[in-house]
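Look for subunit A in each of the two complexes below; its partner is subunit B in the first and subunit C in the second.
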Partner chain A sequence: MDPLLSVRSLRVEATSSVGTIVAVDRFDLDIYPGDVIGLIGESGSGKTTAVRSLLGLTERNVRIAEGSIYFQGEQVLGDGKNHLDRLRGRHVGMVFQNASSSLNPLLKIKTQMRQVLRVNQSAQRAAAHQRRIEEVISRMGFHDPKRVLRSYPHQLSGGMRQRAAIAIAIVSEPEIVIADESTSALDVTTQAEVMDLVRELATDMGHSLIYVTHDLLLAAEVCTRMAVMYGGEIVEEGPTASVIAAPRHPYTLGLLRSVPMWAKKAPLVGIEGTPPRVTPGFIGCRFASRCAHAVGACSEADVEWTQRRDSGFRCIQPKGAPLHTGNG
Partner chain B sequence: MERRAGLAMTFVRFMAPKLVGAVITLLIALSLAFFLARTAGDPARNILGEFATEEQVLEKQIELGLDKPLPVQFGSYLGQLATFDLGSSLRYSRPNWELILGRFPATIQLTVAGMLIATLIGLPLGIVAALKEGKVWDRISVFVALFGQSIPLFWLGLMFILLFAVAWGWLPAGLSGTWQHLVLPAVTLSVLPMARIARLTRSSLSEVLEETYITSARARGLKERTVVFTHAIRNAALPVVTIMGLQAGTLLSGAVTVEFVFAWPGLGTLATQAVQFRDFSLVQAIVIVGAITFVVINLTVDLLYGIIDPRIREQGS
Partner chain C sequence: MSTARPVLQIEDLRVVFSQRGIGKRPDVVAVDGVSLCIEAGEIVGLVGESGSGKTTLALATALLGRVTDGRISLEGEDIIGISRKRMRRLRSRIQVVFQDPHGSLDPRQTVRKGLSELRSLHPGRSTWITDAELLAKVGMTEDLLDHLPHELSGGQAQRVSIARALLLRPSLLVADEPTSALDVSVQAQILNLMLQLRESEKVSVLLISHDLSVVRNLCDRVYVMKDGRVVEEGETEELLASPTHPYTRQLIAAIPGKDWDRSSIESPNGWREGPDSP
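Moving on to the complex of A and B:
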């Protein structure tokens, strides 16, 4: 089976008055039909910048420095091409973190859904659009879907708004849906409801999903695969079960140890220190400065990706291999 | 139908408190007009001049009702206003409303022309500047805004007259009658509102363009044209509507400088003359008309707010 979306060596740089920062680097990702991929990392790890770059939606001071992207085998980025805007809405739908700010406050939900259909399904008639809008909104678990359609965003609760935002993102049947911290702003109960909805959409309606989150626990519940990001790079990627049961990268391990539910009898450990500022000249493992297992070689050269069957990592001292013992 | 009635009720609930506020504002303005007209010294003496005898002054005071206690005067002033009586001009010996109505069309003509020019140039300039931040058009717009806000209007008017009327003879230097008469004063008058509209449109729009819902609109695959015109501009419109209302109000209640420079027979000229001749009754009437104009425009701006933003119109309910 061919991947729907392939990202190769994506590098994204952000320039500000203090200099250039590499926000995303050596980013490779394949998304297959039906995949639910969790893109996990702490704030500043580059996960949001990475997924926004997939649609060419970076902020003004941020630019894609290199890399190629293929959609259904066709190159949409690289070799002088940039057709990322063609993916927007039609092939890739995006649900943002906070629906209070991602929905236009002056337009009714129905208007916002209709706009998406008009531009992405322009061949269809208005009546077909109307049917599709009603069909999608009725699946979102609203008590009164008709009322939601004619409401303005501020007339809905936070959870309803987020579900409306999901409806807008999927109304034109994109193959891939990106959910960027889409439930972080909600309370726990609503979060669970919206997560169930997202999972249902992904499995029943055949969308592939990229779920961007800092919440490992939440991702583990929904995702079939996980990609852990640190300092702009994917440091570990694989099926959810194997990433959680047998993490290879010390950062993944650190993340798992800081989740109360999985720490089990072992004491709950945080990861000391803060992520580095990755400038263009940065060499070596991004995590070395915080890593308990770091050796000299970690900072001497960039760490290459190791692929083992269906999972891979970016570490020269993976867990499972003999760890360097330092002085002791 | 039911939904339409619901919307109408929302608007009634939204506008009712604004109307009450408008009436209160108007009452305060009317009181201010009354007391201000009486703070510039004794009107009777002002009219008669410094060589009048005490007797003559007293006679005049009785004639104008100025001998009565202030509260009584204020009461009869409000009574007159309640019957739409603006009093009579002391100098022209004609009803004030007649004088004001005679000048109002000229002022409206000038205001509408001035605001039209200001909007037609200021709005696109602000929009282009926001879309092309830091580029040539942005710089041009910043320059126009700076120039328009700092240039003295009387000087600009005189320069226009010097160039277009005196040196080249393309347009008349003053007075009114034909569209040619309207060009120079309207253009002069449009400079300040144009600058304000351009500057505010630019800042408001470029702020809105940074909002998540704009990125979100782009992520939905909408054309950039749709993103800018249906998502961004409407959201950026509120402060621009406010400034347009304020500017229109200022122009309508008499663009004193410009009317004076071009001898334009509008309210501004009438007000200048009324002050010069110490026609306190006429000054008071003009202030009242100005206050009413402002209140009406503010109500219109409020209504527009409600039309543009559903969140604002629902605050009343």
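Moving on to the complex of A and C:
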């Protein structure tokens, strides 16, 4: 089976008055039909910049410095091409963190859904659009879907707005939906309802999903695979169960030890220090300065990706491996 | 000490906000007859969703918000309806740590300047410790004293907020979602700091949180609020193991990742600790 979307060696740089930083680097990702991939990272890890780059939605000071993207085998970015706008909306839908600011406050939900269809499927008739809109909204778990269509965003609660945003993202039947922290602003019980809907997107409605979040356990609820980002790079990627139950990268382990878990009360262990500022000349493992297992070699050269069957990591002395003596 | 009075006792507290003047809206009862008690050295959790009244209750407790009716006493002293002068003196014994540290620190004041301002306002209570020793208590070094808030990371800024609270040797720390704005790796450090301060500073904590996993890992007892009322309270483990109120059950059902535990990541067959690199 071929991947729906392939990203290769993506490198994104952001320039500001204080210089250039590398926001995303050596970013490879394959999304297959039916995949639900969690892109996990703390603030500044590059997760949002990475997915926004896939959509060509980066800020003005951010540029894609390197990399290629293929959609269904066809190159849409790289080798002088940039057709990301053809993907956006039609093939890749996006749900943002805060639906109250990502929805247009002046338009009814129905109008906003119709706009997406008009832009992406101009050949179809208005009647077909209407049917599609009603079909999608009826699946979002609203008590009164017709009323939601007639409503302006401010007339809906936070959870309803987020579900309306999901409806807008999938109305043109994109193969892939990207949800960026789409439940972080909601109360826990509302969050659980929206997560159920997100899960259905993948299982019943057949979309592939990239779920971007800082919340490892929330991602574990819905994701089949997980990619953990640190300092702009993916440091570990694999099936959810193996990433959580048998993490190989010290950062993944650090994150897991930081999360208060429900099942077992245990002392929390945070990660000391702060992430580095990754400038274009940065060499070595991004996590080395905070890593308890770092040796000299970690900072001397960039760390290559190690792939083991269906999971991989970017570390020269991963958990479970014989310890590098590193007497350099 | 075992016969000591509770640090905080709230009886039948009501907080009502009038909306007269904004059309014909009815009054909002934000806190509706809440009673709550914190014993010395306890960390007590207060959970509930947005709009449940938990922050209004916290502000009333810290003498920063309005109280319509009811009693609040701090170490046996009534703090409702007292003179401004006494209130100012009592207020130093309850300190608040807010959610967003960058929002609660003065952006134009260095850490040092902020502390010296506090010292001048409370000359009697603040001489027990130097700035450097105070920062050490929250795991920071004195070279950060000359930093402005924007030069601090979120975790560092929150440590500064906690240090400022500790300067006045409060009996009670009210922490309103103190880690919600922080990354998880930093959240863990701040939560650990609270546990440690309870031991070293003998401070009691009212921890307001929407995260039941945080509460379970930190709190001795917990109160669950909904629509301005306490719907359930008890020892944390007991209450969370067998919740009786449907709302508490709903909250627990909504917790993500309940099935994961730490056994896999704490197992000894992880890294073999080797010699440190030179």
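Here is the rule we use: the second predicted complex is superposed on the first by the 317 of 328 C-alpha atoms of A that agree within 3 Å, B and C clash if a C-alpha of one lies under 4 Å from a C-alpha of the other, contacts with A are read in each partner's own complex, and residues count from 1 in each chain.
One rule holds in what follows: a contact is a pair of C-beta atoms (placed from the backbone, for glycine too) under 8 Å apart; a residue touches a chain by one contact, two chains touch by 3 or more.
Keep in mind it's a predicted model, so treat the numbers as computed, not measured.
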Superposed partners subunit B and subunit C on subunit A - clash or fit: fit
Greater subunit A contact set [subunit C / subunit B]: C
Partner chain(s) touched by A:105 [first = subunit B, second = subunit C, both, neither]: first
Subunit B versus subunit C as contact partner of A:89, first or second or both or neither: first
Contacts of A:195 with subunit B and subunit C, given as first, second, both or neither: second
Subunit B versus subunit C as contact partner of A:168, first or second or both or neither: first
Which of subunit B and subunit C A:260 touches, first, second, both or neither: second
First (subunit B), second (subunit C), both or neither touched by A:32: neither
Which of subunit B and subunit C A:268 touches, first, second, both or neither: second
Subunit B, subunit C and vertex subunit A (Cα centres) - angle in steps of 10°: 80
Which of subunit B and subunit C A:57 touches, first, second, both or neither: first
Lowest inter-chain C-alpha distance for subunit C and subunit B in the superposed arrangement, angstrom: 8
In the complex, subunit B residues that touch subunit A: 3, 211-213, 215-223, 226, 230-231, 234-235, 308-311, 314
Sites on subunit A touched by subunit B in the complex: 52, 55, 57, 85, 88-90, 93-94, 96, 98, 101-107, 112, 115-116, 119-120, 150, 152, 154-155, 165, 168-169, 172
Residues of subunit A that touch subunit C when the two form their complex: 42-43, 187-192, 195, 214-218, 220-221, 244-247, 253-272, 274, 293-296, 317, 319-320, 322-328
Residue ranges of subunit C touching subunit A (in the complex, touch as defined): 49-50, 153-155, 183-189, 191-192, 210-214, 216-218, 250-251, 253-266, 269-275, 277-278
